[in-house]
């Protein structure tokens, strides 16, 4: 692998990479992020919020909106029109995992959009649960799939 | 600790908590986030980008801007005027750590602003380094300090 | 009542009204907006979406976010830090009514924030239901209460 | 008509509909919104603001800007590049009607953009006229035309 | 005058200056910006747009909205709630001058808000007039007054 | 040259020009903007900030982000997906010049994006240097190249 930072020019200065010569193509990426909580927090979440509450819906909407705002947040990202954003949650005994899948038909990939969506879902869950758990940690945020179709 | 989710009403519906009765007060929070990379990536970062390049400056600005946008990203957060945002980086053999400290004089705390700033710095670093390392993971994003002064 | 438009100067030119001499004070406003649908649409909503679906949660979050963005949308509105935004829905045989209540401690009132929240909730419901009902109409968007406390 | 909500999956969870398989095509939609006022308010508007004032221009610009921001406001809307936004007003004895027409060359339609533009124009007019009329109501916001060309 | 850059720390790294210890105080600033055009452009503007057209209203609204967005545009600016924004134009034989006055009751001054408003008004005028004049230049953008009251 | 304002209709009312019939095409524009400072300010900049400081990086990122936000700032601009934004600085004895080059594959040109990027870079430099120089002036902001490829 060539260890060259594509966003830096020969002087180390930041730039948006020119994507004009790349073809618009269907692309998809999935990222996950985990919010690690105390077991009692997960139990409270299961008891109070999951049967009918809005907690996961709020985090899902936050993720979708954040994925669409990626180029506003990450300075060197291109503005990409997203074909689809889908967000799923898995609640285990130790963490809540967000899985965010993003599709586009564009000149560059959408792993940053998937990562941004998953991260903001985790932050939103943190915000809603912070009154009951002061020790939460967001971890293992990573890309799990990146494809061209 | 009372395990009650303050953002949910009796029906499990989301709400912004009313902060009107709380006094405006000086508050500060610090959060960190780590981007774990391959050692060769860290070496490339040290060789190409750290001596004079823009990499850390880009991530710093992204963090400051994201901290100011927290209430746009996290649905139930209040809009808070920030007195200060400061961002520091530590580059180790395995990870780049972002430390984001936020101060305000407001009716509620700023840990979400600090977490959002640190997370977006990590995402920005990921974006600039993803061409050279496909296996990076963002982890251990957490609040390290929260005080009223 | 003096029929003078406060946002126009003597030349008919738009301006933001100067609120600097007004005291910061607790203020609250409530607005409602109704989305009129076919009875079959309401039935489908009750059957598919209300028992456990995200429909009302999505509209609630959209309303909260829009209330916070009012000064970005309405050119002559001031930027106001909101203490609280609460959103409730009532589903009748003919319409879905959104009730949005906004509180602030500021130099001017929040009826525009309440109206914006209620309107964007109605638009969001329209968006989610438009595949099943082409004849919906948003109506009777109005302020129902405006108080200083 | 199949009464299935396209934005909800089998679990009632919100999603952005995948538009990747649809062709980019010229599409246009028109929506209207009416702001009902007291007759004396309409007279004041005609006397003070219409001959030369900025009132309608401010509402027109607000509508254009809001149409471009639709995907930021309505969570499940796609980001669409608009080819054109046009806004016209009709002032009658009882109401001010905004007519907003939006065109795009995209994979999905623009009725939400037209509705958002018309609604925000009505809200902006409300804001500028609220000092002289406390009883205004926004009503009859609806799509009047939706075509593929 | 001490030639120390307040936005750089001892390492030359950017930071938002801490304004928490400064008192909230009424502050005002005025900035101007000039758009230099060909005389025939000014004549066309006077003939077609000034008697009744929207040109100056569009630029005025753009300036007000930009002043409110200053902290989104200028990375190290604080978010300030503006009490008032007023925008005036002077059309001479050679240029259109925008004068933007901004007031706040905050911990820091608003000259960047006034400069941003004036600059965006000039850019908006440029946009509307560029079809008829390819040689326009924006110049002499500067602060003309900055006061504490 | 036909001196007709394309953004005004027959009634002098503002509109977004319809670009739907124009082909998507590779387009590029460059704009410059100069911040005129006292010689002592330039010396301080060279001594404190240029060897390793973040000053130019902050302005570069602000320019890139502003270029992407042009349609939010300039009311009648279309939303354009940018292929690339590049920003260079030249520091002379009297001024700092920003040169901003923007590329797109779209139905209309990007000179407003280049001008907006260059202007916001100049404003950002002004903000960081205003503590040491009260007499700075932004001037000679203009398009230097506009091409279809």
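Each chain gets a letter, A, B, C, D, E and F, in the order it is written, and its residues are counted from 1.
Keep this in mind: a contact is a pair of C-beta atoms (placed from the backbone, for glycine too) under 8 Å apart; a residue touches a chain by one contact, two chains touch by 3 or more.
Quantities reported herein were computed from a predicted structural model and do not represent experimental measurements.
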Can you tell me which pair among A-B, A-C or B-C shares over half of its residue-numbered contact pairs with D-F? B-C
Using C-alpha centres only, name the chain that sits farthest from chain E. A
Report, in whole Å, the distance between the mean C-alpha point of chain C and the mean C-alpha point of chain E. 31
Taking each chain's centre as the mean of its CA atoms, how far is chain E from chain F in angstrom? 15
Check: chain F positions touching at least 2 other chains come out as 13-14, 52, 54, 57-58, 60-62, 65, 69, 72, 75-76, 79, 81
Can you work out from the touch definition every pair of chains that touches here? A-B, A-C, A-D, A-F, B-C, B-E, B-F, C-D, C-E, D-E, D-F, E-F
Can you list the residues on chain B that touch chain E in the complex? 26, 57, 60-61, 64-65, 68-69, 79, 81-87, 103-105
Residues of chain C that touch chain A when the two form their complex: 52, 54, 57-58, 60-62, 65
Give every residue of chain F touching chain D within the complex, in rising order. 13-20, 71-72, 75-76, 78-81, 106-107
Interfacial residue positions of chain E with respect to chain F in the complex: 1-8, 11-14, 33, 40-41, 43-45, 48-49, 51-55, 57-58, 61-62, 65-66, 69, 72-77, 111-112, 115-116, 119-120, 122-124, 126-132, 134, 136-143
